[in-house]
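Before any comments, here is the structure.
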Amino acid sequence: MARLILLGPARDAAGVGVDTVDGDSLEVVLVEAVRRYGPKFEAILEVSRVWVNGEPADSAAPISHDDEISVLPPVSGG
Amino acid sequence: MARLILLGPARDAAGVGVDTVDGDSLEVVLVEAVRRYGPKFEAILEVSRVWVNGEPADSAAPISHDDEISVLPPVSGG
Amino acid sequence: MVTESPLSSDELSAWAVRPNCGAVVTFSGVVRNHSRDHDDVLALEYETNPKFAEARLNEIVEVARERWTSLEAIAIHHRIGRVELSETTVVVAVSSPHRSDAFDAARFCIDTLKETVPMWKREFWDGGSAWSEDTSPLLDTPRP
Amino acid sequence: MVTESPLSSDELSAWAVRPNCGAVVTFSGVVRNHSRDHDDVLALEYETNPKFAEARLNEIVEVARERWTSLEAIAIHHRIGRVELSETTVVVAVSSPHRSDAFDAARFCIDTLKETVPMWKREFWDGGSAWSEDTSPLLDTPRP
């Protein structure tokens, strides 16, 4: 279980900005997120970076209940 | 005869900023200027650009009495 | 830093003046009336995680200082929230004894920011709004 | 233009903001405390023929506009007379829809100015003064 943070277009696509999702690896959490939010979110997730606790992470990364997972779509700052 | 304008370090070396010098070509005017102001001015003149009426000019350029000759040493603006 | 308050390139530019520096370069990003997709933009709205964004901005400054060791002052301020037409969205200010380093570093900061800082802008026009589609995949901060 | 009055990069930078421009780049030259020959500079004094200097500054702006056709606002202001430590000697401000053009044009303006504008600076330090020896032969304005 982990805290999922959805930013920018990912938040819009999911319809929620912060959520709690079960799973003991990053991959499992994201599969559950796609199941929950649907294909619009999935499309954005495919082009997004995913960070765990503010750092880039691998999809095999183990996840514990106090981890914070952020989905970061392509950026448009500046 | 022409009006001679000496700028920046050329003015300092000549000891004068504006002068009237005889001569019917640019070359003749500058020879007279060197005779008048001495070797310190000559050294600066050698590395300077000379404009007639605000435009770069050749040393053979004919000079008439209402021409304005400017001696422009290497620059240090900005 | 990121801030919801209006940005002043004047303040940052004045702050960057140092006794040993002959050159101050400032870049200001400004809300313009057109984007890749709309020619009647009225405002932008920037969304971010401020903690992430500030960490990335600090990393850019650190890398710039390592690449251009002559730099004296360097700062990047990014506005977040809604920003109206002709208001400033981001300011980069850099000072150095050498103008070439100041130009290179300022450009590096804004070019890198656009690829490495988690930040998303929504475009507002008369009657609608949408996320900007002029995006870049989020990259890691480059090495020095 | 050349002026004996204090320069404000703020004013020129604000003037350069245009509704269709996303990027404003400003370069400020500032009196620094050291030069090639002295490490205790207190002030500079710029001498010129204002007519010649303004003609050359205008030519630089024209060439920049031909080279970077996206430019919107562009101006170069150079102070003359005595300028104290940390005061501004020259300001270049450029705006464009495209930041790359704004950076390139601003840099072109200051680099070219240093080679093509008839202008001489005297350095003042505690107890003396001399013409700067950090000079460039006067070149013609480059072609577009």
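The chains carry the letters A, B, C and D, assigned in the order they are written, with residues numbered from 1 in each.
Keep in mind that, in the parts below, a contact is a pair of C-beta atoms (placed from the backbone, for glycine too) under 8 Å apart; a residue touches a chain by one contact, two chains touch by 3 or more.
Keep in mind the model is a prediction, meaning the values are calculated, not measured.
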Take chain C away and keep the rest in place; grouping is A | B, D
Most distant chain from chain C by Cα centroid | B
If you average the Cα atoms of chain B and of chain D to get two centres, how far apart are those centres in Å?
-> 26
Separation of chain C from chain D, taking each centre as the mean of its C-alpha atoms, in whole Å = 24
How far is the middle of chain A from the middle of chain B, if each middle is the mean of its Cα atoms, in Å?
-> 74
Tell me, which residues of chain A touch at least two other chains?
-> none
For chain C, what residues touch not just one other chain but two or more?
-> 29, 110
Give the pairs of chains that touch; include all such pairs.
-> A-C, B-D, C-D
In the complex formed with chain C, which residues of chain D make contact?
-> 9-10, 13-14, 17-34, 85-86, 95, 97, 99, 102-103, 106-107, 110
Which of the residues in chain B end up touching chain D in this complex?
-> 5, 7-9, 11-12, 47-49, 51, 54, 56, 70, 72-78
Chain C residues touching chain A in their complex are 29, 46-49, 51-53, 55, 78, 89-90, 110, 113-121, 131-132, 134-138, 140
